[in-house]
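When the chains are written out, they are named A, B, C and D in that same order, and each has its own residue count from 1.
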Amino acid sequence: MAGRTKLLGSFAEAVAGIPDGSSIGFGGFAMPGTPFNLIKALLDQGARRLTLVANTTGGAQQPRMPDIGMLVEQGRVAKVICAFTAATRPTDVLPFTQYYESGDVEAELVPQGTLAERLRAAGAGIPAFYTPTAVGTELAEGRETRVIDGRAYLLEYALKLDYAFIRARFADAFGNLRFHRSQRNFGPVMATAARVTIAEIDEPVLRAGGIDPDDVHTPGIYVHRLVQVPPPPEGLWPSRRQEKRR
Amino acid sequence: MSGTRGLTRQQMADRVAREFQDGWIVNLGVGIPTLCSNTDIGGRDITYHSENGIIGYGGVAAEGEEDLNLVNAGGQNVTLKPGAAVVHHADSFGVIRGGRIDATVMGAYQVSMTGDFANWKLNGQRGGGIGGAMDLAACAKRVFIILEHVTRDGGPRLVTACDLPVTARGVVTLVATNYGLFEPMGSGFRLLEIAPGLTVDEVRTATGGTLAVASGLRETEAG
Amino acid sequence: MAGRTKLLGSFAEAVAGIPDGSSIGFGGFAMPGTPFNLIKALLDQGARRLTLVANTTGGAQQPRMPDIGMLVEQGRVAKVICAFTAATRPTDVLPFTQYYESGDVEAELVPQGTLAERLRAAGAGIPAFYTPTAVGTELAEGRETRVIDGRAYLLEYALKLDYAFIRARFADAFGNLRFHRSQRNFGPVMATAARVTIAEIDEPVLRAGGIDPDDVHTPGIYVHRLVQVPPPPEGLWPSRRQEKRR
Amino acid sequence: MSGTRGLTRQQMADRVAREFQDGWIVNLGVGIPTLCSNTDIGGRDITYHSENGIIGYGGVAAEGEEDLNLVNAGGQNVTLKPGAAVVHHADSFGVIRGGRIDATVMGAYQVSMTGDFANWKLNGQRGGGIGGAMDLAACAKRVFIILEHVTRDGGPRLVTACDLPVTARGVVTLVATNYGLFEPMGSGFRLLEIAPGLTVDEVRTATGGTLAVASGLRETEAG
């Protein structure tokens, strides 16, 4: 394990070779954990007919950061699987909403916990499971339900990914990751669900073993490519050092 | 008739927060529910849970002191209380579905007398914003809803049956509006407390379905 | 959270009030993570008609430590749910095996991964799930299977516990836990599956917040009672200090 | 005819270990498979996974240097390699069921020519010892079995069909015995390599079902 490194020199290199038709999951909940630098590189990379999996398509904040809604705007997206096609507050407008509402792109709207669990199931080799969430709602219409111990549950299927794009605070050369606070969110489950996980890292990548085995949040066996986020303005979104300077 | 009569947003949040018992684990939704964490409920220890895996967050961080990688479900930079823990998203919804949330507080467009509520999609919309609402609604031990009592054009939000797509059915425990505190009873709503300055008749007129009045109806403390 | 402590003064106090008919899960894989001190207290406590959930019933090592097979020998067990009713090597003999083979006690033999996942499902509010494990074996006879994407899977149900007994290295007063190395094993999933989790702790219990939020393995919301393991010979099984002295 | 002819236990393990490719994640079962980690396979980097959640363990700890809370699936006190990580049991079997294990090596009582194998229960037993074997067998990319070629009374362990309860069906990739290296082909076994000192006829006599011999049959290096 010590003999190899997964560290690459650029974000362009990290997203190279992603073919048309790929499914890609994106970590992130609000700003923390969002792989802005990888998204920016993917915007330049050109792959088309993508299936995107994320909590939301982003773009609510000003100034606008690179977000996966921009891939939709570029006409490169076949489908989005997410927990929001519109913002929680009707007064907030996501750029993606107009594309979806006008029928320009397909979307599958999934409750957030079901989305997380479908990704976790994919990573854990569970092809399907039952959940109480969304029973009795429009999302359950025509779907298989089952009564267990007197309560109705909905059947949900694992959601596998070709790629996961995530952001973490620390990595070692073997790919072990640690997240900082709510940066963690979808990162660990996305990583297990994907064939190939690409992580952008806040801090310089450590030697293999630089993270204590008890402190690893995502094991390196799930992580394939690492890129360190450079200082701003080249690197997007503040590193810890900047946070403290604000 | 406007939504600004009766209790303020903070007063509605205060009323719900006073229901929280010592040791509870509580999830606060975006908007008015967030204000529950401002309420002084004495020495009661509440553990606030956020969908993104924060268990035990505290108040909003002071300006200049934010950890930008630490947000609650509304995206606010919050602080952590001693004893806080962070888990990933699947584990965080494991907390929810596993029945560990003593109360979830959410906003809504409508609540029905059978305890259904709607808060993710407007009629005519193709999609919507579900987020964690369906998980929380289906699995929390208690679902508290805070909403303005009437729509902008004066129609009721407490209704016989939701005409908007529901978030969950039969789950609402308690409803706080600017007009008072209500319990969905199946066959109607029960008015538990009334906001200062309103009459029962006014409340009844502005409420869909039957309204029963609790014996010994009290005024909501507007503190 | 800071205002309360879950720390109790004795193992007897920690297992007090467990009623007849309870289901109890026990962490541990080989020696690490096995709550020997809580098991010893339970042996004295007297509750009957118990359902025990564990990887194995123990008792393979010499000298024999307190193990849950002893509860069976005391006639206090209705059923054991485990991955081994006999040792892997036919030449090793578990004390429990004779009780099971002679029909003195019921057992449900579950593949280890299915056992872990059924506990995890119970904790995560998933009432049932599909798994590829055990398809085509004796364990699948008469059971519901389902073909998903061309492969057969077995339906498995969540396994809820009334109590979990686990052992960890560190705890804070709110009940947040950290495990050391392979001590972790079933501990975190047992804790989420149980209504009441009781943990024996190697090291002195820290103030609430004494474990960094990013370093918590089991959140304190899942942990209800803590007891510190005293030094040997009173406390069973070595603490870290002894390990280094050996 | 005894099980001690041909390769030793370590030589069988060596033969299987030489199949491991650089970067593989490998799970070693209790008994002979454990010996695979002793084999020198040059600079190839193998990550050893253990059911109890250890990803990346190394050799057995030197006496006096043991961490008593660090064991492999066989209960041995092992060491960790740089880059190791620890996860809990459900996540550990997530690694297995998720298809991340490139090879699992297990002992067995019987292997059939259709790739079934049996290793958890003897006939006449009420229960048995499953442990993680069924999960590994069903989900690893490759299932390598190591076993003595014949039973104590000389009967075959490579059989047409298992008469013991199986652990999984149709999963065995490769079988190493003291007599040689075999592949279950459905209609029989293919002898890929033969142990020094044995003849094909001897192997055939001691094997259940049909035995095909690979073209250019080689002797197993007994190094």
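Just so it is clear, contacts are C-beta pairs under 8 Å (C-beta built on N, C-alpha and C of every residue); 3 or more make two chains touch, one makes a residue touch a chain.
Note that the structure is predicted; figures quoted are calculated from it, not measured.
For the interfaces B-C and C-D, the C-beta contact count is higher for C-D. When chain centres are defined as mean Cα coordinates, D lies farthest from subunit A.
Averaged C-alpha coordinates put the centre of subunit A at 34 Å from the centre of subunit C. Centroid to centroid, with C-alpha atoms defining each point, subunit B and subunit C lie 37 Å apart. If you average the Cα atoms of subunit B and of subunit D, the two centres end up 57 Å apart. Distance between chain centres (mean CA atoms), subunit C to subunit D: 29 Å.
Subunit C has residues 117, 120, 124-126, 131-132, 179-181, 184, 213-214, 217 in contact with two or more other chains.
Listed for subunit B are residues 54, 80, 86-87, 90, 93, 96-97, 139, each touching two or more other chains. Each chain pair that touches appears in this list: A-B, A-C, A-D, B-C, C-D. Residue ranges on subunit A touching subunit B, taken from their complex, read 29-33, 55, 83-90, 97, 100-101, 103, 107, 109-114, 116-117, 119-120, 131-139, 169, 179-189, 217, 237-238, 240, 243, 246. Of all residues in subunit D, those touching subunit A in their complex are 23, 25, 43, 45, 47, 54-56, 80-87, 90-91, 93-100, 139. Considering their complex, residues 117, 121, 124-132, 146, 148-149, 151, 153, 157, 178-181, 184, 213-215, 217 of subunit A touch subunit C.
Against subunit D, in their complex, subunit A makes its touches with residues 1-4, 120, 122-126, 172-174, 176, 192, 207-209, 211, 213-214, 216, 219-222.
Every residue of subunit B that touches subunit A in the complex is listed here, in rising order: 30-31, 50-54, 64, 66-71, 75, 80, 86-90, 92-93, 96-97, 116, 121-122, 125-135, 138-139, 165-170.
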